[in-house]
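To start, I am sharing the structure in question, which I have written as C-alpha cells.
Labels run A, B, C and D following the written order; every chain starts at residue 1.
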Amino acid sequence: MSTSFRDECGVFGVFGDSEAANLTYLGLHALQHRGQEGAGIAASDGSLIRTRRGLGLVGDVFSADHLAELPGTMAIGHVRYSTAGGSSPLNVQPFTVRYRDGQVSVAHNGNLVNAVELKAELEARGSIFNTTSDTEVILHLIAGSPQSTFVNRLVDALARVSGAYSLVVMTGDTLVAVRDPMGFRPLVLGKRGDAWVVCSETCALSLIDGELVREVEPGEMVIIDADGLQSLRPFPEQPRRACIFEHIYFARPDSEVFGESVYSQRVALGRLLAEEHPVDADVVVPVPDSGIPGALGFAQRSGIQFQVGLLRSRYVGRTFIEPSQQIRDFGVKLKLSPLHGVLRGKRVVVVDDSIVRGTTSRKIVRMLRQAGAAEVHLRITAPPTTGGCYYGVDTPNREELIAHRMDVAQICAHLGADSLGYLSLEGLRTVQGAGRGGYCEACFSGDYPIAPPQVGEDEVQLPLFQGNSQEN
Amino acid sequence: MSTSFRDECGVFGVFGDSEAANLTYLGLHALQHRGQEGAGIAASDGSLIRTRRGLGLVGDVFSADHLAELPGTMAIGHVRYSTAGGSSPLNVQPFTVRYRDGQVSVAHNGNLVNAVELKAELEARGSIFNTTSDTEVILHLIAGSPQSTFVNRLVDALARVSGAYSLVVMTGDTLVAVRDPMGFRPLVLGKRGDAWVVCSETCALSLIDGELVREVEPGEMVIIDADGLQSLRPFPEQPRRACIFEHIYFARPDSEVFGESVYSQRVALGRLLAEEHPVDADVVVPVPDSGIPGALGFAQRSGIQFQVGLLRSRYVGRTFIEPSQQIRDFGVKLKLSPLHGVLRGKRVVVVDDSIVRGTTSRKIVRMLRQAGAAEVHLRITAPPTTGGCYYGVDTPNREELIAHRMDVAQICAHLGADSLGYLSLEGLRTVQGAGRGGYCEACFSGDYPIAPPQVGEDEVQLPLFQGNSQEN
Amino acid sequence: MSTSFRDECGVFGVFGDSEAANLTYLGLHALQHRGQEGAGIAASDGSLIRTRRGLGLVGDVFSADHLAELPGTMAIGHVRYSTAGGSSPLNVQPFTVRYRDGQVSVAHNGNLVNAVELKAELEARGSIFNTTSDTEVILHLIAGSPQSTFVNRLVDALARVSGAYSLVVMTGDTLVAVRDPMGFRPLVLGKRGDAWVVCSETCALSLIDGELVREVEPGEMVIIDADGLQSLRPFPEQPRRACIFEHIYFARPDSEVFGESVYSQRVALGRLLAEEHPVDADVVVPVPDSGIPGALGFAQRSGIQFQVGLLRSRYVGRTFIEPSQQIRDFGVKLKLSPLHGVLRGKRVVVVDDSIVRGTTSRKIVRMLRQAGAAEVHLRITAPPTTGGCYYGVDTPNREELIAHRMDVAQICAHLGADSLGYLSLEGLRTVQGAGRGGYCEACFSGDYPIAPPQVGEDEVQLPLFQGNSQEN
Amino acid sequence: MSTSFRDECGVFGVFGDSEAANLTYLGLHALQHRGQEGAGIAASDGSLIRTRRGLGLVGDVFSADHLAELPGTMAIGHVRYSTAGGSSPLNVQPFTVRYRDGQVSVAHNGNLVNAVELKAELEARGSIFNTTSDTEVILHLIAGSPQSTFVNRLVDALARVSGAYSLVVMTGDTLVAVRDPMGFRPLVLGKRGDAWVVCSETCALSLIDGELVREVEPGEMVIIDADGLQSLRPFPEQPRRACIFEHIYFARPDSEVFGESVYSQRVALGRLLAEEHPVDADVVVPVPDSGIPGALGFAQRSGIQFQVGLLRSRYVGRTFIEPSQQIRDFGVKLKLSPLHGVLRGKRVVVVDDSIVRGTTSRKIVRMLRQAGAAEVHLRITAPPTTGGCYYGVDTPNREELIAHRMDVAQICAHLGADSLGYLSLEGLRTVQGAGRGGYCEACFSGDYPIAPPQVGEDEVQLPLFQGNSQEN
C-alpha cells in the first residue's frame, strides 16, 4: 500500500523504573511506524514533570543529554503522524500543562468525534486553545471537572467525549491508561521486572525485554501509583469495535494486537484471498513491506512460487529531494525497484494490502510491465476502501478514494492490471474470527459504530481547529 | 554595568503594510538589546494568524523563507530575555491562541504583580496553563470575560491585573497597544507612510524610516483597524511611574524614551556625577558600552581627559565556551580588555551605570590595576541599587545586591577601588527634571508604587509558575 | 549477516546531460548501500569543476541549492564507507585537484595493494598528502607522469598501481572509466538518451531510466568526450578475478553484477545449500534483508515453508543512541525483532549469507530460542570466511574472524545452534558457473590473486596513512 | 571605515602547555577581528597532529568536545578572512599534511607575490593542489626541498618565496615562527609560565595572561622544541616594511604592534589631522568602532566636543537577512544609527580611518544630514587610498578605489560632505616616527617595496588559483 493511510499515533508509559525516560525512548523507537513526524517524552521525578518534544524521528529528537535531563521513575511518550493540523511543534505530544492540582501530562492515540462541539462549549466558558489537537480538549475537561480527585476528574472528562482514544495520562505520582469503551485503538499492559508498562503494541514490550500481561480492555481505566495497579470500568459497557485496519496495515507484524498475531492474520488473509480470487500465474510477489505476509499466504494456498519482485529502498526518508522531472514514476522508483530477472516474461500476481487513491498502484503495475511481466494480477488482502475513518486513521476525503468512485472492473482498467481481486468483507470477517467478533469495518462497510460529526464530511477531514502556530 | 540587570522584553507591532512581517523583523532587530534569548513574530492576513517563534537572536530565528510564510498586512513581534522561567521555546512570545471569537496574539513587556493570585483564581475555575509566563494569565482573562467585544474583553482583563505592562495585541483584523496606568515600561506610536507602528523604543522606528507620532500614554489603549486609530482611556488615572532604569541602562542611547533623549540624559548624569564626586585624576574611562555617555559627561564637566581604557569584544556571544580554569578573571577578559598605554601610571576615573552584585566591578578594578593604573576611582551614574524590581526588570534577589548588604565605604573596600561615588537620588531626580516627574525609583528608594506580592520576596523572584516543558 | 563486512564505495559518472549533477545525485541514492558515511559530487561546466562533499547519507549532504551550484553536463559522484581512516570529511570523494594541465576529479572504488610503497616513493620525491586515502596516490601519479596527454598520464599512473580499482575520472571535458585488469570490483556502462553513464551497479541505471550497454571490462579504459566513446585496453591481459562477495552480500539484489542477476544467484545459492545441508524442520526464515533470497531458495528446494521470522526495523540509523545497558542483546534488538507466532515450538532453519565474528549470529540464535524456537538450524549461503580482503572490502583482522579460529562444529557450539551448515566452496563455484569462471574467492580459499602487502597483515588492515584531520 | 579592507588572517602558536588547544582557542578569539570567516586548530601530542577547521567564528567552529579531541602540549591556530578564493572549508587553515618526514602543519598570515610562478613550476614537476591558497605552495616547497632537516627545508622553501608572511609551522615536536625579511605582517613572541607563545598581536597574549617577550623580528626564524628556543636569521637582511595599515585600521586598539601602542598611534593621527585640517564646528563624532581613537585625538587637539553621534549595533552578523528593499540606506542602518539629539542643528566633524569605494561614507554623510546635522565635515586619519595591496590586505581593484578615480574635491562632492580632509602622507610619517621608520605605505604612495606580479593587476586580485571545491 502507498503511504496514504496513516495511523495518528503511538503511546507508551512506564511506572517504577529508574530508567523511565530511557525505556520510553526505546518504546517509542519500536512504535515509530505509528508516527514519524514528531516524538515527545514527559518524565516525572515525583515533584516536577519535565517534557521534551520535537519534530522528526525519535532518534533525531532525543540526544543522550536530553534523556539525562528527564529524570524520574515515571514517564510517558508519544509518536505522531501529523494529520491536517500541520507540522507545528506545538501539536507534538505529550502535552504537559499545569492546572489547579498541579501538572498533568497526556499522550493520546485516537480521534474524538465530538471535539468540535466540546471545543465550542469550552470556548463559550472562556477556554483558550494553544494547539489544533483534540487532545487539548481532554485537558480542558479534566481541569474544568467539579470532581475532587484526579481519577474522578479524568472519568468525568472522558464521559463527555465520544470517539476513539487510547490514552496514557500522568500526574506527578500516578500513571493512568484508558481505552475507549469500543476499544477502537490498541493498548496493552505489560511488566518489566517490577515496573509497569503500557503501550500501543506488544512490539514495544519486546524491545525492552518486557512481558505482556494483557490488553487494557475496552472501557477500562488502569491506575498505577505507589499502591500498585487498580482497574476501573467507569463507563457504560458497549460492544467492542476494534479497528480492523490495525490488522490489515498499521500494526507491526511482530505485534500481537487485539489478542491476535498480526503476522498470522495477514498470512491468513492472503490464503483466503487465493481461494476467493485464484489465478493461473508463475510467480507471487508482494508490494513490500506491508504486502509480504499476504503474498506468502497467497503463495502457500495457490502453490504459485513466492519471489521478491520489488525491492524497497532502505534509504527513503524525508530529507531526500526530488531533483529531476525527467524520469517517469520518479517518486515510486526512489522507494521501489523491480527485479527484472524475477519478472521478465512471467505472469505475476502482486499482493498489496489496500488501494487508496490508486496513484501508487498504477505506477507499480506500470513498473512491473516495464520490467517485462507478461501479465499483472493485482490482489488486495482487504475489501475496497469506500469510506473515510473518524476514529484516528488519517484517510483522504471520500471523494479521493478510488473505490468510492469506481467499481472493481473500472479500477482494474484504470490501474492497467490484467485482473484485480479484493478480499470479500465476508472473507475478512472469517479470518478475524466469528468468536472474537467486534471489529470496526466502517471504511469497508460504511457501518460507522459512532455517528460521524453532523458537519459536512469534508470539513471534519480538515483540521478541527485551524492552526495557530508554526515554530522552529 | 555587568549583564546582571535585564529588561524582559521588547515589543513591536505594525498595521497596514504589505511587508508587515519584514518590518517587524527589522523592528525586532533594533530592539534586540531588550531581549536576546528568543524572538517571535505573528502575522495576520485577515483570516489566519500565523506565528513563528524560536530561541536565539532575531537573525537566527528567522530566514527569508520563514518571513515569506508570514503573509499579511498586520504583524506583532517580541524579543525576550529569559528570566527564571528557563529557556523553553513555549515561553517565547507572541502567544497566539484560539478562543471563542477566533485567534488572538499577544506580545507583552512588563510584569504583573498579582499574577500568582490571578492564576490561582483561574485554575480554580478550571483553566490550564501551558507556559510559565504571566502573559498567559492575560489571555485567560480575555477569553473568560463576559464582555461581548474584543476591546471590552481586553479592558475587562486588564482591569483585573496589577503591575507593569506595555502590550501589543492582535486579532485577525485589529491591532491594540496598551500601556499600564502608571506607564512603567515605554511604548511609542509611529507612522511609516500610511502604516501605523507601535514599539518599545524609537530606535525601531528609525531603522524602518518611520516617524515618531507620540508616546502611547500611561493608561492609554490605542486601537487600530480598518477604520483608523482610536484612543481610549479605560482605566482610572494614576500618577506616572516610568522606569528610571530605562534611562540609566536599558534603552538604546539613540532612542527617545518617555519623551527624553536617552543619550543626553546619560551624559547629563555623568556631568552631575562629576559635580557630586569630583576627583583629582588623569583620565576618565567608561565601562563600555553602557558607561560611555556618563563618562563623556563626567569628562566634560571635570575637564579630565576622556579615553578608551577598556575595549569591549565584538565577538562575545552565547556560543563561546570557556575552556580554561587557569586564567584569572577569565570571563570578564573575554568581554573586556584593558589598554595599557592609556592606563599605565595614570590616576583613572572609571564610570559605570550601576553595581549589582559587585562581582564584575571588582574584576574591572583589578584589571585596571594590573594594567598599571596608579589609582582607580569608580563613579556610578545612579544611586546604590538596594532593592529588587517587580515591574519587569530582572534583578537578583535583594540579598545578592551588594548595596543592600554594605554601605558605600564597605563596597569601595570590597571592590578594591581608591574611591567610589554614586550619584545621589536627588541628583538623579534633578537630571530627570522636576517638570516631567513621575519616575519609579523603587530599586534606589525602596518606595514601590505598587505593593509587591504578599508572598515572600524571594518567592516572587523565582518563576511564578514552575516550568512545564523543555523543548527543542 | 551483520554489518561487519562493508564494501568501500560506489561510483557514478555521467557525460552529456544538462542535469548531470541531479542524475548523479539519484545514482548515488541507488548506490547508497555501498557506502553510507559520506557522499560527494563533482560537476564540470567545461571550464571549472565544482565539488561538494560531506559526511552523511546522500540525502543529507545535498540540498536543491547545492545541486543548483553544480552546473554542467558532466559529473561524477561517490558514496563511501569509512574504513579505519576515520570519518574525516577530507577523505570523502570525489577528490578534485589542480595540476599542470588543469583540474582533475576522481572517484575510486577499490583498494591498492602497493599504496604504502608508492606513497613512500612519492614522498621521497617531495609529494605531500592531504588525506589518508590511497586514491590520493593515483592523483600524484597522474600529475607526476612524464606523458603529455591526460589519458596517457592516467595509463602511466595505473600501470604503477597494483590491486583493485573501479575508477571514474573527470577532467574539464573528458570522462574516463577504468577497471583494473582482474576486474575485482564491478563497473558498468549505460546510456540515458544521448548521455553516457558509468556506475558500480545496474540499479543506478534503473533508477534514472537508463539502459545497460555492457560491463566496463576488466582492464578496459573507456574514454568519453565530445568526440564520443573510445575504448582502450592499455594493460597486459590478466585472468578475471571478480569479487564473489558482490554476489553473496554487497550488491543490491535488483542489480546485474558481472553479467549475472544478483537475486537469482542468491536464490540458487540457497537451493544448493538445501541440497548440501538438508535438515528436518518446520520453517525456513531469513536473516533480513540480505538472507532473504537464500532463504527462499532453501525453502523452494527443501519444501519447508518460508516465513518471516525476524523483522528488520526501518528506522535503524546512525542517530539512534543506545541509552540502556540493562537489556540483553540490545543492539541487535533495535535492528531485528522476532515473530513469536512463527517461531514458537517450531524447528527453525535460519538462513544468512555469512558469519564474520559470530557476535551477531549468536545473538540471533538466542533471540530465536527466546521466541520459542524448538530447534535452530543455521545455514550460510557461503563457505566459512577464513581470510581478510585486500581488494576493497572492509573485513576485520583475520584473528577476529570466527572461522579462522574455530572449525564448523566449534562455531556451531559457540553460536548455540542445533546445527550449522556452510555452503561448500565447490558448491559456490558450481553456482557461479564454470563457464564464466574467474572469481576471487580469497576470503574463503586463502588463494589471493595478488599477493597481499609484505608488511604485517595487521598493519595493512590499519589505515594506510595515519589521519591528518578531523573537520566539521 | 566600511568593511571593505580586510586583513587575511591571524595566527597563534603555543609550545609546552598541557592546555595547548584551549589556549589556542582563546588566542584565536582575541584575534577574531583579523578573520571572521573560518578558524582552525592543529594540536600535536608528540606522535600525531590532529586538526579541526571550519567556516564560522571561533566560538561556532569549536565545542568543548572538539577541543578535548585535540590533545597535546603544542598547538597552532588560524583565523581567516576569505578573500576571492571563496568560502571553501578546504581553504581554512592550519593545513596539515603528511610528507617524507611525517606530518607538518602550517598557519600563514600574508601573501606571496610570486605564488603564481612557483605554482606553475611546482605543477611542472608534478605537484597537485587541493586548495586555492598560496600557503599550499609553501608546503610543496618544504616537501620538495633536498635539505635533510625540517628547519633547513623550511629555510630552503622560504628562500624561494617573495612577499609577506608571518608563519607558524608545527611538526610533531617542533614549533617554528617566521616573519618575512621586510616584516610586513606583525608577529610577537611571548611566554605564559614556562610555555612559549607566538601570535599576530599582543591582545592574544593579554587574554591568556601571557607576557610579551618581544617581536619576532623581520627575517627572524624562531625554533622552539624540547631543547628550548633558538633564533635564526637565515635570510639576507632587508629594510623593514611593516604594514602601516595595521596601525591605521587592522590591529586591535589594545594591541602593541611593531612596538607601538595601536590606540596611541590612532589618537596621535587624529590630533595631527586636526592640525592639518581644522574646521569650525560644534561636535566631533567618530564612525564607530575604528574611528573612535582618531576622533578623540581630533577633539583633544581642536577643542571641539567629542560626542557619540553614530551608534554601532552589537547584533550585526552574517546570519541577518535583509528582507526589505523599501528602506533607504538599509544596510548601513542595520549597522549604524544616528543620535538625533547630538546631531540636530550641529556642525559635525565625522572622523573615519579611510575611504575605500566611498559607498558607505556617502551613506553616512546622508544619514548625518537626515538626522539634522547643519554641516558635515569628513576627516580621514590616513592619506587617500590610491593603490591596492599585494602583501596580505584584501583591497578591491584599484579601479574601485574612489581616490584612484577622483581628487579630494571630487570625492567631497561625491560624498556630499561640506568639507573633506585626509591626513597627509608626511603627517602619517611624522606620527609613525622617523626613528622607527620602515613602513610600507604603498597603498597611499604607490611605492611598492616588492614589485607586484608581472601579470595584469586585475588578475592578481582574482584568486591566484581557481577554486576546486565547495564543501559543507
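Keep in mind that, in the parts below, a residue touches a chain if its C-beta (ideal position, glycine included) is under 8 Å from a C-beta of that chain, and two chains touch if they have at least 3 such contacts.
Here the structure is a predicted model, which means the values were calculated and not measured.
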Practice item. Using the touch definition up top, find the fewest steps from chain B to chain C. Key: 2
Practice item. Can you check how far apart chain B and chain D are, centre to centre, with Cα atoms defining each centre and the answer in Å? Key: 37
Practice item. Indicate the whole-number Å distance between the mean C-alpha point of chain C and the mean C-alpha point of chain D. Key: 48
Practice item. For chain A and chain D, let me know how many angstrom lie between their CA-based centres, rounded off. Key: 60
Point to revise | Of all residues in chain B, the ones touching two or more other chains | key: none
Review point. Using the touch rule from the top of the page, what pairs of chains touch, sorted by label?
Key: A-B, A-C, B-D, C-D
Review point. Which chain D residues qualify as touching chain B in the complex?
Key: 19, 22-23, 25-26, 29-30, 32-33, 36, 57-60, 62-64, 67, 203, 206-209, 252-254, 256, 261, 263-264, 267, 289, 292-293, 296, 300, 305-308, 311, 313-315, 317, 319-321, 323-324, 326-328, 333-334, 337-342
Practice item. Show which residues of chain B lie in contact with chain A when the two form their complex. Key: 48-54, 61, 66, 69, 89, 95-100, 103, 123-130, 139-140, 143-145, 465-472
